[in-house]
Amino acid sequence: MLLLTEEPAGPEVTRLAAMAGKYKVFLVMGVIEREGYTLYCSVLFFDPLGRYLGKHRKLMPTALERIIWGFGDGSTIPVYDTPLGKIGALICWENKMPLLRTALYGKGIEIYCAPTADSRPVWQASMTHIAMEGGCFVLSANQFCRRQDYPPPSEYAFAGLGEEPSPDTVVCPGGSVIISPSGEVLAGPNYDGEALITADLDMGEIVRAKFDFDVVGHYSRPEVLSLVVDDQPHRPVSFTSAAEKAPAAKSDGTAKP
Amino acid sequence: MLLLTEEPAGPEVTRLAAMAGKYKVFLVMGVIEREGYTLYCSVLFFDPLGRYLGKHRKLMPTALERIIWGFGDGSTIPVYDTPLGKIGALICWENKMPLLRTALYGKGIEIYCAPTADSRPVWQASMTHIAMEGGCFVLSANQFCRRQDYPPPSEYAFAGLGEEPSPDTVVCPGGSVIISPSGEVLAGPNYDGEALITADLDMGEIVRAKFDFDVVGHYSRPEVLSLVVDDQPHRPVSFTSAAEKAPAAKSDGTAKP
Amino acid sequence: MLLLTEEPAGPEVTRLAAMAGKYKVFLVMGVIEREGYTLYCSVLFFDPLGRYLGKHRKLMPTALERIIWGFGDGSTIPVYDTPLGKIGALICWENKMPLLRTALYGKGIEIYCAPTADSRPVWQASMTHIAMEGGCFVLSANQFCRRQDYPPPSEYAFAGLGEEPSPDTVVCPGGSVIISPSGEVLAGPNYDGEALITADLDMGEIVRAKFDFDVVGHYSRPEVLSLVVDDQPHRPVSFTSAAEKAPAAKSDGTAKP
Amino acid sequence: MLLLTEEPAGPEVTRLAAMAGKYKVFLVMGVIEREGYTLYCSVLFFDPLGRYLGKHRKLMPTALERIIWGFGDGSTIPVYDTPLGKIGALICWENKMPLLRTALYGKGIEIYCAPTADSRPVWQASMTHIAMEGGCFVLSANQFCRRQDYPPPSEYAFAGLGEEPSPDTVVCPGGSVIISPSGEVLAGPNYDGEALITADLDMGEIVRAKFDFDVVGHYSRPEVLSLVVDDQPHRPVSFTSAAEKAPAAKSDGTAKP
Amino acid sequence: MLLLTEEPAGPEVTRLAAMAGKYKVFLVMGVIEREGYTLYCSVLFFDPLGRYLGKHRKLMPTALERIIWGFGDGSTIPVYDTPLGKIGALICWENKMPLLRTALYGKGIEIYCAPTADSRPVWQASMTHIAMEGGCFVLSANQFCRRQDYPPPSEYAFAGLGEEPSPDTVVCPGGSVIISPSGEVLAGPNYDGEALITADLDMGEIVRAKFDFDVVGHYSRPEVLSLVVDDQPHRPVSFTSAAEKAPAAKSDGTAKP
Amino acid sequence: MLLLTEEPAGPEVTRLAAMAGKYKVFLVMGVIEREGYTLYCSVLFFDPLGRYLGKHRKLMPTALERIIWGFGDGSTIPVYDTPLGKIGALICWENKMPLLRTALYGKGIEIYCAPTADSRPVWQASMTHIAMEGGCFVLSANQFCRRQDYPPPSEYAFAGLGEEPSPDTVVCPGGSVIISPSGEVLAGPNYDGEALITADLDMGEIVRAKFDFDVVGHYSRPEVLSLVVDDQPHRPVSFTSAAEKAPAAKSDGTAKP
């Protein structure tokens, strides 16, 4: 992750966009975003033309995060309809929220990105479950980092590590993984160091999986169970003169990049 | 029937609409519709101006259909108030559902379309009964097709036909029929091959039949027997920003095309 | 009476409303109403501003009427609270239904209209009785018409008249009458031909009559005799999306025009 | 009428019963009944075998009567199923109560007795109306009496008569009448003096009248209008040890004499 | 059909019950029932032990019937759970009422009796349809009768037959039929004269038919389409003391005979 | 699983209840239930006193199941508040429905039973995920059975097994498992044959897990994501007289056994 010292319109965003354009990739990246004096745990989306597409803000921070981070709302749960497929993301433990995942399923997500800081084996079980539940590819990226990747001791205390660890100590061991809609692990999980993991995604897998279980289609029971997502932006103070018309979403909830 | 590879807004729909406009007919056609990754057995309606009016989704698939098809809800049981009369449709075996038929009667259906894949003689008895029960004209279209109308063997298995049938084998023998509100067969049933069957409909027949038996008028007993139709759309996930205002129905449940 | 060829929203209603407005009268008129394919024997109400107020549908047709007419329900037994007094109506023989009259008394009717086709002397006895029973003014209008007011013989059979009557034969001799709450005949009964009968109504008569006998007040015994009126509309089929909010009645069951 | 100085079990009742037996008539007679220190306006029933059958107590006294009379309840509205037909009675102005009359209709009354003190012409209109409304024979008896039939002046004041009337002055002029279910006056009204009026009742008239209008049969709408009659006796004080089992009524509410 | 001159407790009912007992059959018979002064078109049920089980009253009379017949309510739509299967009945044209049939389906009817006076071929189509719609056996009995089976001319007019027919003229040609749940005609239709038609009913046919189409089971959509049956008795007048406790129905709406 | 040949009130249920009482256990068991002519995939609950508590009906059958099984509704998703904790169940693939699981979380489920027929390794991932997502113990029971446990070949076809398997062939290999709220596997998965697996459940684990992630508590965002569960029973036909008062649920949606 990257610590943004400015809002998404700042220089870090510009630089990330340029990198996406240079390497002609869709870039989905977890960051710390600042708006005013509050920080948000966010995911930024960029396209191969070097454009910043938008962001998802973590809807509910976890544990100690809540002390210093703000809370997202329903207006930043995007799914982008790209030539690769429909791309969206949840970050870290909010992936455990079944209603939030269902909001993404309702938007037709096909490439489900799950940047995280959870490197426990049980995280892998959740990724496998989500791939099958949603009938989508799950790409979960976790950072691999050592003590030396962070600033010197006086600024940071590494809780639970006792005395100051050595510079080579692995602080977060990674575990990035790619899983198919049928629950097959296509790449990873990698705990061995910094790495780039890749897989060819056969989008037909989605169709085949959905024939068996379409969580928002034939295997739903909307008369009995209906989820309402308030995806309007909510602001503590809003000014009538500044009412921004949000760009109209398509009827399936996705947005064209 | 036609296999739609896109949602109603796709190219097949555009082409069907153009054909309705070219020949200046109301076109009511059974199709397989796809939304997301779920298929629906649907009926599409087009008008002589070449406009797509809307659709009915089969409320309850039959037998093996249920494995691969989704379930309609009460929001897609339209009756269109056209210059020819009030037109609606149920598809195949859902025509056997008495409460569903009564929903159409409650909307004042006059031209009742029943596309089907059932070519048994007892289907004809049901069509005659429905015409008299509803006091409406019944137009039931069934496809006539031979083995050669389908792709080669490796892709399709024709259940119950034993070994691969010859190209000329009749797979579905048709039986399209037009019946008056008094139960008189005006055209068909035709089992002889591809055909266009036609009849002049004397709409005064409806009045005369309803004088004897008006299923939702003087021959009803609403204090004793009342049917409630939930015709709201039900979706597993709905987004407040995409709340589409459905076009207001007239008080008799019909919609102007 | 007038044969409506359209529902209350049709051109005949518009025309009647215009006439009420032109002559600045409350117009209460028996009609044959059509909804869908069923006819109802109804009374329409108009005000001096030329507005259609609403209707009463005959709750129970009489004898041969039942073959071709539908049945009203408890939702169309209105009493309108007008500057002239509280106006309501029952039509023809349903005036003989004691529970139905009591429903109107319960709504505080003061000007009780009784359009009818019954020209027998005993009808006058009932009108006198009702005026005293209900403590209200009774205005009973009956048509005066001759054979020549109807289409030629081939379309109509005048039962009980033997051979085709001459054009001047009186088919219905009228008998319109206005009676006070004390049973005094204020105008009519007129059997002499087409006529307009009028009377000045001293509303204080109602008070004086009710001092003696208040059918829903001091002369009732509700612990022993209680009438329950189901005034909800009953429909054979109702659609949740078209749930029409009926205009809220006042607590005494009347409606402001 | 007769002033009873004792309860029904007293000597006056015994004497009346003997007279009914002697003349072999059903005797239905208005009386003033005393129970404890309260008086009731009641109707007594006797049969040709000289038996006292029971009583009806006026449910609601009229005007000044309320000062000195008690109120009946729903337990004394009998209809007796006799060889002559089903006999019941209401007394004086309670005949104007539509719900109370309907209670008698619900019990199948065929011979409706209406002893009264009302000699006005409008009373005749009500009797005619009731005969047609209920499809029953109406027998209304009113007393013919002169000043000399009452005690001397010092005890009674004849209100509204100014100075003491002469002994021959007619205080109540009678007006007894018998009316058929079709509204035909069969005997009376007699205002000429004491008299016995009689008529042969063709009970088939009831059937013919009910074919046209059966107030509690085919011309009722019980789902819309339903009358509930609490016919349990109500006493201000009741003792558990004295709970009398009322004789079981037949399901149509009548009792065998 | 039989003209009952007394209520169900009368001698005709006793005689029919004795016949059912003598021949050890379930007897389901259309009759004209009298209650008070109103007639009902009813079906009576008897069991092989010679017991009268109860009745169904035609909910809505047809055409001219409405002049002289009363209207049933929802309290007399019985289905009896007998050793032969669950037996119920609708009479004549009310069989065309889809909501009423569905009430019987909801009670689990297996042997559906349809006594009728309709001998047209289209009646057969309805019987076939109902058998398949309800997944039940349909037994429709129609009378075969000649002019001589009725009283002499002066009492009866045979509408539409022109001049008085000869004694041998067939007035109603029958057409009794028995149909299986799959629509197969097991016996009849017989138009040749008085006859007894019989069939062995393989109750397993019901199961097999319901696997395909269970109108109130797996092929219903109760969240979208729900029928409410008011099966309380409705009476214009009810007396609290005569409140008869109806025998408790089982939860599936059937009653044990 | 057990094939019930009768409704829950039948002898199989009685026998199961007796076994639960004999061994003093809570018994949660997947069965095939029959109501009328439709089958349901259900879970039955029994308590240590030998009482049948109630049932859950599978909300959405899977694949071929849909041909022969009915659909549950929201009225049979019970959670029982027992001395052991709050017990509920979903059966087989409906465990993959995130909204349905959330309904159970909303009722406070602590002991989540998941009888299944899915023996694939990915099923284990879902069980681990659900335990952590819901903060509950998950007990998933799968049957272990061989070919010889089923009737001879002619009655059953084992799809996908090619030629008739030998009697010892394992048809379903089991895989029953017990998992703690933190995702720890406490017992199983067992694929070795028939077995009884057990674990001591430390209910304090639930508290500790919910401190981190409470799916319906501090880790929910109800303003943004709200699930509506229609838990009313839906029936195609309902009778007003048989309106069964459902036992009142506690405000948290659970029921006391």
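For clarity, chains are labelled A, B, C, D, E and F in written order, and residue numbers in each chain start from 1.
Here is the rule we use: contacts are C-beta pairs under 8 Å (C-beta built on N, C-alpha and C of every residue); 3 or more make two chains touch, one makes a residue touch a chain.
The structure displayed is predicted, hence computed values, not measured ones.
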item	value
Shared chain contacts [chain A and chain B, defined touch]	E, F
Shared chain contacts [chain D and chain E, defined touch]	B, C
Chain A onto chain E, rotation angle from CA fit, given as a multiple of 5 degrees	180
Pair exhibiting more inter-chain C-beta contacts, B-D or C-D	C-D
Inter-chain centre distance, chain E versus chain F - centres from mean C-alpha coordinates, in Å	44
Cα-centroid distance, chain C relative to chain E, in whole angstrom	39
Separation of chain D from chain F, taking each centre as the mean of its C-alpha atoms, in whole Å	71
Where chain C touches two or more other chains at once, by residue number	63, 71, 73, 99, 230, 234, 236
Interchain contacts, given as pairs of chains that touch	A-B, A-E, A-F, B-C, B-D, B-E, B-F, C-D, C-E, D-E, E-F
Residues on chain A engaged by chain B in the complex (per definition of touch)	74-75, 102-103, 105-108, 135, 206-207, 210-211, 214-218, 220-223, 225-232, 246, 249, 251-253
Contact set on chain C toward chain B in their complex	35-39, 68-71, 73, 230, 234-242, 244
Residues of chain E touching chain A in the complex	223-224
Contact footprint of chain E on chain B as seen in their complex	59-60, 62-63, 71, 73-74, 93, 96-103, 105, 122, 124-126, 128-130, 132-133, 182-183, 212-213, 215, 219-221, 223-230, 234
Contact footprint of chain F on chain B as seen in their complex	63-64, 66-67, 99, 236
